[in-house]
Structure formats: structure tokens, C-alpha cells
Amino acid sequence: MLSLAGVVTHYGPVEVLKQVSLEIREGEIVCLLGGNASGKSTTMKSILGVVRPTAGSIAFDGERIDGLPTEAVVRRGIALVPEARRIFGRMTVRENLSMGAFVRRGAPAAEIAGDLDRVHALFPRLEERADQLGGTLSGGEQQMLAIARALMARPRLILMDEPSMGLAPALVDQVFDIIQAINRQGTTILVVEQNAAVALSIAARGYVLQNGRIVAHDTAAALLGADHIRRAYLGEA
Amino acid sequence: MPDVLQILPQQVVFGLALGTVYGLIAVGYTLVYGILFMINFAHGEIFMIGAYLGWGVLTLLLTAGVDGLHPAWVVPLMLANAMLGAGLIGVGLERFAYRPLYTRGATRLGPLISAIGASIFLQNAVMLTQGARMKVYITGLLFPRTWRFQILGVNISALLVVMAVVAVLMMLGLQLLIQRTTLGRSIRAVAEDREMAAIMGVSVRRVIAVTFFLGSALGGAAGVLVGLYYTQIDFFMGYSAGLKAFTAAVLGGIGNIRGAMLGGLVLGLAESLAVTFMNPAYRDVVAFAILILTLVVKPSGLLGESLPESEKV
Amino acid sequence: MNWTRPASTSPPGLAQGGQVTWVRHGIRLAGPAAVVVLALLAPLVSPSEYWTGVLARICLYATLALGLNVVVGFAGLLDLGYVAFFGIGSYLYAFLASPQFGIHLPFLVALPIVVAATAVSGILIGAPTLRLRGDYLAIVTLGFGEITYLLLINGDRPVNITNGVNGILSIDPPALGRFVVTGNRQYYYLFLGFLCLVLIASARLRQSRIGWAWQAIREDELAARTMGINTTVAKLQAFALGAAFAGIGGSLLASWQRSVFPENFLFTESINVLAMVILGGMGSLAGVVLGAAILVALPEIFRDFQSYRMLVFGLLLMVLMVVRPQGLLVARPRSGTRPLPEAPAEPTGSPPRPAAS
């Protein structure tokens, strides 16, 4: 569904992504692991067209999307749940969700209303807070909102950038349960995470990114079992 | 002293009415600033061009010998012409003078200098094509002097009421658009977090252009209103009006639409009162004094949020 | 403050590793030397008194532009109201050397007083702006410029200080002992002398500790503060020095024109001087002088198209920002070190908020 081949991306003179290649098949949950400054966010930005790769190609459903403006990439059915939520704090929950559906402007109102219901079913708390300003929600609620907002676009692929960041462990479990639920409903998911343990617990496959390079790629089980991965990202077992 | 107190209510009313127009121009500034974080220095000139465009319609109707001129249809026509023209010029400005600059990651200096250049260019373009002498709005033909009334000893002309009402209606209309429509939401989204808005599928380029159009159109409308009331317009009127409107926008909280309206009212009132009590030649100093005070004491303005620590120097 | 040289120091074009060849030395001196000779000989080839006057005006504006260069080019403070200092300097000189108050101080006595007083005004005007950045700083300084103009033009009521719209006339020409400066040629050499002084002062300032502080502030004020630079003092110093240079310019104008009018000090003059700095290349001394020369000379050359002058000027500013925002000449890096690198341009994303705190 989504494939990156030899992607090289620079920030000014600095080469952040060095020949990154990865593949996500439809219906999967794939995780991309790495520490700080490993290039995880840049990978997301490259896929979304926020940053333009200097070399390599990115293809979605067989069509090249590298070099396209963000609006065009998103319209093809890719949504982002950004790092640190980045919901629109000055808009209400309801407005945030309707922004999420922006990309489907032409769709019939009933369809969008249906999606709204589905989102409320997954996140009842958001329905309660429909008219509250996004900025007044707690961290966990903002994360829910960010995911819900992405769902409103009815994407085929969701990119999640560090969904566990800044959340208490109980909330993290909740969020990842929801991610699994979303996947079961048919959405492909790429999870980018520092918290390897929880990411590998729901993913089928994983890539490990280090200093802009893919250094490992295997099934989740294999990665969990690999000693050096465990030591680097999971702490001594 | 008693004379002053006698004319005080008059001055208050006048100040508030003038304030609504300041607010209208200020809203244009604030809209653009909220989206681009740049001060469109040429906004005053767009206001001036609006005034000329309105004058053009009026003069055309007069020279064509059209009968039955009534403000109820003439004024909307003038406004429409001015708003459309001003809006388009604003869009053109953004496209050719500003957009090339921020897509290159230019320093903050670039857009400001370009805006100053645009301001000078527009001023002189109008001067060269329309002449350096002022033009006159023959408002008397639309609004007979007899159309005035008295409330509590204050003389109010129908013209003043129309001016204020139109300004307020436009600002309310804009507020509605921003708060209730999808377009308005996308403008707010781009203003708050441009990258995320793009990731939501918003065409940031288009939103910026629309915002410029709206802000400039409002400025153009204000030009017509000012032209009608003061009857004299010249190519230089945009300069001080622009600075005062900017003051109003800052006073209310730059980037905040309701703030711009409030700032306009406060400024209009303050100016009117100040002129009552002191040398009218220093009228403009009032605006600058308010500006400097605001920026030194509470830079976020009356309705603005205090900026988060990370953005303070 | 301990500045260590970064590992690879020499920018291309300058001497490698401290070794200087005589050839390089010679070439570096040849350029400026030629300019100096040209400058000294210029009035001799000037076709008329009028054109000598133009040359004098170039020197005058170059002095002003160098002053603004300290504020904008060195310290990065966008001052749109620089004309205020020019006006203050001019009028102060007029107060000290004209019938207005009956004071007739000689040129060499009045000048330092004016410069000192104008510098103080620089501190006064700069003080409220210290916490402002970018656009806000620009507009506030513009406001001060306007206020100054209004004060000048209305300064004849209730007490006649500035003589209002009529200006102050019959200002004494510069006299050094029994020798009174007469004729544009003599004025030219006088102005040229001051221009050289100001040039040397600018160059010295740039190399000095305060110059480093200014550059640090210009690049990143927050970082500068964390390095221990007292940004408040440094900024005020920039304003004071910039104003001082304007004070010189003002005195020169007043004693040459033999009169001062409020109309000499409009906002357009601020932009004019700013354009010289930007066109020439901010921070580059030679560039600024070049900018002044171009912007004074061109309108003279195209006198016939006088009415289009401002139109073209506005267009020039817009085009310049798109095509060559760094100006014609790039500021020469300080010898031995490389200029601080630009932050890499973020490909897209929100522009920085010009926060005012």
C-alpha cells in the first residue's frame, strides 16, 4: 500500500534520512521504532509532503506521492495523528472533528454524520465535551481527539507519530487498544514510536530507525526476541 | 469649560462612529496578521484605493446624468465596486509582492520592506493616474443635509448613522463567516497551525489569498465610508488611516477580530476626546501614544492572550 | 567574553591560516585606495556647482546611512523612524547657531554638543522599544518619527521653539577660526572628512566587543543573552551611536542648507535612508556608501522623470526583496572568523511569530 524506496531527506545541509526504505501492506499495523533524532518525524513529514525528499521515491497504491503538496497527499487517503497531538486548541472539539473531515468536503452530510457517530462510539468522552475548546482538554483527551480527528477523514492509512508520548501507562494501554480496534475495522496503520514494547505488542512488523537509517526490519515477534533490540530499546530483559 | 462639556456628548458620539470605521480597517490588518504574522503595511493604501473606487462610481453616475439617486442603492453599488477592487488588489499584492518572499524563508525584514515599497508604489500610482489634487465626494446629493435628528441634545446626521451601521454590519458579517462557516474554520486552522491545516487537506495558499481578499475588501469599504463622510479624498489619506488602524488592531490584540473592533472604538473615542481638550494639530499623536503605550505595557493588547513563555525573547 | 576561533576559520578569499602574501595585501588595499583618490579628485571633474552639491549630498546621506547601519545592519533593530534623530540633530544645531535663540556657537563647539544631545535622544527613543521585536519595533520607531515631525511643525505654539512650519533660517555656516566654509566644493570636502571619520568609527565598532555583541543580538537575541551579553545596554548603545551619526548629519545639513524645515524630516526620508542601507547591503560599510551614492545620484540623473521617482522607488524596494534581499554588497566577515551561519530554512511550516513580550 505504502512503500518508501531509498528516501533521502535533508534539513538544510543536514542529511536526516539516509536511504530509508520500508513497506506497509494493506490492513497491517507496522511500527517504526527509534530514539530521539533518529528521523522518525522526518519520515512522517516526507510521506505527507511537508518535507520534500532529495532522493528516492514514495508510492501509495502504486502511485508516486513524493513531491506532491500535502493537500494532495492527504486527499489520497492518508491521515496523520501528529506528535504531541497538535489539535486546534482554539477550536472546539466539534470544530476539530469537522476540520478532520475537511478533506471530504464533497461527501454527503449523512455520511459524515455517520462517521461522527462512529467516532463518538469509540470516544464517548469527546461527545460529552463537544463544545469545549480543544486547549482545555487533558493530554489523554487531546490524544483521543487527535485520533478521532484523523478518523473523520476516513483514511485508508493512518500515520501515528508517538501516540504514547506524555501519557500515563494506563492511558497508553487505552490508546493502543483503540489503535487495534481501528485496525480491525479496516484501516492500515503505521505507528512511529520510542516506546518499542507497546508498539511491538500490537504491530505485525517493525522497522528500526537509527540516525536516519533502517538498521533492522522483522516481524514484531522476532524483534521482541532479538537481544540487541531488547537492550537498546526495551532495557535489559 | 462649560462649552467643552456641552459638546462632549457630540464628540463621544462622533468618536464612536469614527471608531467603527477604524475598526473596519483594523480588522483587515488583523486578519492578515493572524494568518501570516506580517503587517501589511500597504493596507492603508488599499483603503485609499477603495475610497477612489467608490468616488469613481458616484462620479460616473453623476456625469451620466442618472436620475433618482438614492443612497439605498447607490451606496451598496459604491461599496461593491470598492470592495471588489480593493480585494483584488490585495490578492495581487499577496501573490506578487509577498508570496515570493515567505516561500523562500526570507528574514522578517523582507516582507515588511516589500510592503513599504508596495505602499509607496500604490500611493504614487494613484497620484500619477488620478492627479495630486483631492477628489470630492458629492455626498450632499445622496444625503441631504436635512437628514439629521437630535437625540438628547446631540446632533446626529443620517450619514453618520449609515456609516457606523454599515461598518458594524460588515464586521459582524465577517465574524459570522469566521466562526460559522467551513471557510472560516479553515482560516482559523491556518492561523493557528498552518502545517496541521495543510495535513487536514486545507489549501493553505487558497486560504491566504481569500484572507487577503476579505481583509482588503473591508478596508476598501471603509474607504468609501470615510469618503462619504469627510467628502475629501486624496492619494495620501491611506498613510495616517493605516497607522491608526494598525494602532487599533494592536490595542485590541493583534490577530483578534473582536479586538480590532474594540480597539477601533477605543481609539476613535480617545482621539475625539483628546481633540476636544487639546490642540487638534496633535490629533495623530494620540494614536501613536496609544500604540507605544500598548506595546510597552501590554503588547498582547486588550483582548489578546499573553504569549506563551517560549515566544518571549 | 572568550571567543575561540572555530576549527576551519578562513572564509574563501581571505588569507589562509594567517599567512598573508604581499600580493593579496596589495590587491586588498588597491581598491579602497583608488576610491579615496577618486573621492578627493571628484570635485575637480564635476561639471558644475550643482553637481558638486550632489557629491556633497552623497557624503551627507552616506553618513546618515552609516548611522542607520549601526542600528539596522549591525544590531538588527529595524528602525523606521531614523529621521527623528536627523531632525533632532538638525534643529539642535539650528538652535545653537542661528538667530532663533540668539546663540551663535562656532561649528566645532556646537557639533559635539549636538552629537551628544542627539545620542541621548537615541537612548530615550530606544528605551521603550527594548522588548519589542521585528515588525513591532519598526512601527513604534515609525511612530516616534512621526511624533518628532509633529513636534517640529507645531513647535511654535504656545512657545515658539521650532518656528513651526516656517522653519529656522539664517543658520551660520561652518566657520573654523576666520575661515568660513563657502561654496559646494568646500562643503564637499568638509562632508567627506566627516564621512571618513564615521567610516572609520563604524569599522572600529564592528571589530570591537560591542560589535560582536550586536551581531550576536542580530542573529539570535535569546542566545546572545544566555551568552552573558547585556542586550539592553547593547541595544541602547546601538541607538545612541546611530543617533549620534545622525546628529552629525543633521548639523551638516543645517549648516549647509543654512536653514531647517519640518518638511526635511518626513517619514519618506527614513525610508530613503533605510533603502540605502538595504540596497547597499546591510552591515557592509562600502555597500551602504554605495547605496547612498546610487539613491542620491539616480534621481539627479533622471531629473526629467521626477514625478515617477517615488513610483520607481516603491517598485525597486519590492523587486529588491524578491531578487536580492541581501543587497548589492555582502558584509565582509570579520577577519579570521566565519560569519555566523544562517539557520537552515525550514522548507515549509509556520513562519516564526514576531513575539513582543
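So that you can tell them apart, the chains are marked A, B and C in the order they are listed, and the count of residues begins at 1 in each.
Following the convention adopted for this analysis, a residue touches a chain if its C-beta (ideal position, glycine included) is under 8 Å from a C-beta of that chain, and two chains touch if they have at least 3 such contacts.
Small disclaimer: the values here were computed from a predicted structure and weren't measured.
Average the CA atoms of each chain to get its centre, and name the chain whose centre is farthest from that of subunit A.
It is C.
Could you name the chain whose CA centroid falls nearest to the centroid of all protein CA atoms?
When every chain is reduced to its C-alpha mean, the one closest to the whole-protein mean is B.
Give me the two chains with the most inter-chain contact pairs.
Top of the contact-pair ranking: B-C.
Nearest whole angstrom, what separates the Cα centre of subunit A from the Cα centre of subunit C?
The mean C-alpha positions of subunit A and subunit C differ by 53 Å.
Rounded to a whole Å, what is the gap between the Cα centroids of subunit B and subunit C?
34
At what distance in angstrom does the C-alpha mean of subunit B lie from that of subunit A?
43
What parts of subunit B, by residue number, touch at least two of the other chains?
Residues 193, 195, 198 of subunit B each touch two or more of the other chains.
Residues of subunit C touching 2+ other chains?
Those would be 345-346, 348-349.
Could you pull out the residues of subunit A that touch at least 2 other chains?
Expected reply: 50, 70.
Subunit B touches which residues of subunit C in the complex?
Its residues touching subunit B are 78, 80, 128, 131-136, 138-140, 142-144, 146-147, 150, 153-154, 157, 221-222, 267-268, 271, 274, 278, 307-308, 310-311, 313-318, 320-322, 325, 345-346, 348-357.
Given the complex with subunit C, which residues does subunit B contribute to the contact?
Residue list for subunit B touching subunit C: 36-39, 97, 100-102, 104-114, 116-125, 128, 193-195, 198, 239, 243, 246, 250, 279, 281-282, 284-285, 288-289, 291-292, 295-296, 299-300, 307, 311-313.
Going by the contact rule set out above, which residues of subunit A touch subunit B in the complex?
48, 50, 69-71, 74-75, 79-80, 82, 86, 88-91, 95, 98-100, 102-103, 105, 149, 153
Applying the document's contact rule, which stretches of subunit B touch subunit A when the two form their complex?
182, 185-186, 188-189, 192-193, 195-204
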